[in-house]
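Both complexes below contain subunit A, partnered by subunit B and then by subunit C.
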Partner chain A sequence: MLDVVIIGAGPAGLSAAIACRESDLDVLVIDEFPKPGGRLLGQLHQEPTGEWWNGIKETEILLNRANTLNTKIECGVSCHHIEKTETGYLVHTSQELYKTKKLLIATGAAETAAPIPGWTLPGVMSIGAAQVMTNVHRVKVGNKGIVAGVNVLSAAIARELQIAGIDLHSMALPVKNTVTKDHAHPEKVMEGLVRIAHLAPSPFLRFGSKFAQSSKVRDLATKFYPKGGFKMWGMPIHVRKAITQINGTDKVESVTMCDVTPEGDVIPGTEEIINVDFVCIAGGLYPLSELASVIGCPFRYLEELGGHVPVHNEQMETPVEGLYVAGNITGIESAKVARAQGAVAGYAIANEPERLKQAMQAVKKIREAASIQFHPQIKAGRAKIHRAYQEYV
Partner chain B sequence: MKETIICRCEEVSLEDIVNTANTHNCSAREIKLRTRAGMGYCGGRTCRPAVNAVLEDLTGEKAGHNVPLKVQPPVRPVTLSVLGGNRNGH
Partner chain C sequence: MGINRILNHPVLGPVENKKRITFTFDGQTFEGFEGDTIASALLANGIRTLRVHEETGAPRAIYCNIGHCFECRVTVNEADIVRACMTPIQESMAIESGKVQPAPFNTPPEEWPRTYTEYEERNNNQKDGGTNA
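This part shows the complex of A and B:
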């Protein structure tokens, strides 16, 4: 019987494993990707301070520490079911059945698809897939592409694709339907754009972002949004244009783009065909919590945290005995926060109260200092989920 | 205009789901079972949020704090031999 199984070898899972190994617990980390690091591997961006965040290097640092502590990490292993027993958990994987006293689920987040006609054609991919192909596998995803979906994640990854020398025509919204909703609503997208404007190199856009903090000004800005889009790193970002269809017979050949009203409705007669050979769909992220759901952990739906999140406290403990969560499964935030949360979970599992206290303070500090906030109300969301935990004790 | 596919594994379009909802005037779960949306090879990994959004819109059923349409194991595509513990053919 293992002391703890950690599902997910991303920043949260690895730092949790390190914390547990410091107390010499019998730990096993599993991950379905062939390499450890999770989505950290794909990250490469410049912080507003000018410093570069290189996910591969950050992963190496974690792995070196984990290896020094003789941590068992199994990659290419998928967990498909978990059962709670009297003494712990049965972890069913594609390889083995593991028995463990405690369990940490650090499965991160998944991408929400934005279905638009033609999105199943070869050459259409999620923005995260483009990131992994570019930065992890070093495969060029295409010659000229377009991004459907304007948000914090897609802007950051679009920049990474640019740095890798991939030509992007522009970023625009997906066409409005029951699924794309807010992602296809220019005024709502503008709210999100304002939050990342400080990362743009253009002083004009930064200047504009100050004004756009007020919703009235923001709505005006949406109404009078320039036809050519605002440029970020030389690439036009359109919030008044939507991709209505992806065209091609066997693969992507072009997209149809239309002007839209400030509410996202297509303006007839504005169709324009843009030749591209790949399309990145960016519908945002949601916490990947299937395994917690299978175990029967209670959930809360909190938009601030990105969707349905397992109930947990500040020590990353759920109301289900011996079950812990860390990283993006607890709410969409940066890899730095995920890594810090992993340490919290690890020290909580290892029952190291002093280190736990320090790790909890570190999470707060890192959250305060975050340059990219996926959701402006993240702290309110965190407070709500921690309060929810109180209902179960 | 091309159709909008919602579930690509089972090739279920938005139109299929809307038609099923209108014809049978039934629950979100029944629509899912009738159309097989979200029940394909990926186990809903790609389309789960989309299927949830469409079904909520059509039926007015709000999932609230419970995860919509219950998650069932296996949550990953695995072979029957893995599930049966007989992967070496014995």
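This part shows the complex of A and C:
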């Protein structure tokens, strides 16, 4: 019987494993992807200080530490079921059945689909798919592309594609339909755009983003949004244009783009054909929490945290005995926060109260200092989920 | 290797000393790098289409690249439903694209039964329970 199985070898899972190994617990980390690092691997952006955040390097640092502590990490292993037993958990995987006293689920997040007619054509992919191809596998996803979906994640990855020398025509909204909802609503998208504008190299945009914190200014800005889009890193970002159709016979050949009203409705007669050979769809992230649901962990739907989140406290414990969660499964935030949360979960599992306290403070500090926030109400969301935990104790 | 490789990157640096791996896709020989998934090795060689829709024959490729959507399923060394985006390439691996399969229904969708009663009425004479609506 293992002391702890950690599902997910991303920043949360790895740092939790390190914390557990410091107390010499018998730990096994499993991950479905062939290499450890999770979605941290693909990350590459410049911090406001000018320094580069290189996910591959950050992963190496975590792995070196884990290896020094003789941490068992098994990649290419998929977990498809978990059972609760009297003494712990049975973890069913594509390789073996693992018995463990405690379990940490650190499965991260997945991308919300934003379907557009034609989206099954080869050459259409989620923006995260393009990120991994570019930065991890070092493969060009195409020669000229377009991004459907304007949000924190898509802006960051669009920049990464540019850095790798991949040409992007622009970023625009996905067409409004029953699934794309807020992602296709210019005023709602504008709210998100305002939160990343301070990262733009243009002082004008940074300055403007301060005023745009007010909803009145934001609505005006949406209404009078320039036809050519605002440029970030030389690439037009459109919130009053939507991609209504992806065209091609055997692969992507072009997209149809239309002007939209401030509410996202297509303005007839504004169709424009743009030749591209790939399309990245960006519907944002949601916590990947099915495995917690399988064991019967209670959930709350919290918009601020990105969707359905397993109930947990500040120590990353769930109301299910011996079950812990860390990283994006607990709410969409940066890899830095996930990494810090992993340490919290690890010290909670290892029962190291002093280190646990420090790790909890570190999470707060990192959250305060974050240059990008996926949701402005993240702290309120965190407070709600921690309150929900109190209902179960 | 492949035509779509990002060999030099201004921040991540050059791709160097990668072991080359040879594999086949639908009988054609390709080369990839150690550490490639089936999907990345094929895309590096300019191959996007990994399968066709089993009924309509419409081409499909990677979508999520994290093992969730199963759009990239291929046959590897005769084992089917292998996710190209999650499976590392190996020397001499024989990969085959997904093909059109015999349709389970012999009528067009417009003529399919709309209720279970309707389905039973049409199929009650068939010994095997009948899947041909």
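A few comments on the model shown:
We take it that the second predicted complex is superposed on the first by the 393 of 393 C-alpha atoms of A that agree within 3 Å, B and C clash if a C-alpha of one lies under 4 Å from a C-alpha of the other, contacts with A are read in each partner's own complex, and residues count from 1 in each chain.
By definition in this document, contacts are C-beta pairs under 8 Å (C-beta built on N, C-alpha and C of every residue); 3 or more make two chains touch, one makes a residue touch a chain.
Here the structure is a predicted model, which means the values were calculated and not measured.
Contacts of A:78 after superposition: both subunit B and subunit C are touched. In the superposition on chain A, A:227 contacts neither subunit B nor subunit C. In the superposed model, A:44 lies in contact with subunit C only, and not with subunit B. In the superposition on chain A, A:299 makes contact with subunit B only, not with subunit C.
After overlaying the two complexes on the shared chain, residue contacts for A:133 are found with subunit C alone; subunit B is out of touch.
Of the two partner chains placed by superposition, only subunit C is touched by A:251; subunit B is not.
In the superposition on chain A, contact is made by A:125 with subunit C only, not with subunit B.
By the touch criterion defined above, A:163 reaches subunit C but does not reach subunit B.
Looking at the shared chain after the overlay, A:32 reaches both subunit B and subunit C. Taken together, the two complexes place residues 32, 78, 110, 119-120 of subunit A in contact with subunit B and also with subunit C. The residues of subunit A lying in touch with subunit C in their complex are 32-35, 44, 52, 54, 56, 76, 78, 110-111, 119-126, 128-129, 132-135, 137-141, 163-165, 250-251. Only residues 2, 4-7, 9-12, 15, 35-37, 40, 43-44, 48-50, 53, 58-68, 71, 85-88 of subunit C touch subunit A when the two sit together in their complex.
Interface residues of subunit A facing subunit B in the complex, by the touch rule stated above, are 32, 78-82, 92, 94, 97, 110, 112-113, 115-120, 177-179, 181, 245, 283, 286, 289-291, 293-294, 298-301, 307-308. Within the complex formed with subunit A, the residues of subunit B that make contact are 1-6, 8, 14, 45-47, 49-50, 53-54, 57, 63-67, 70-76, 78, 82, 85.
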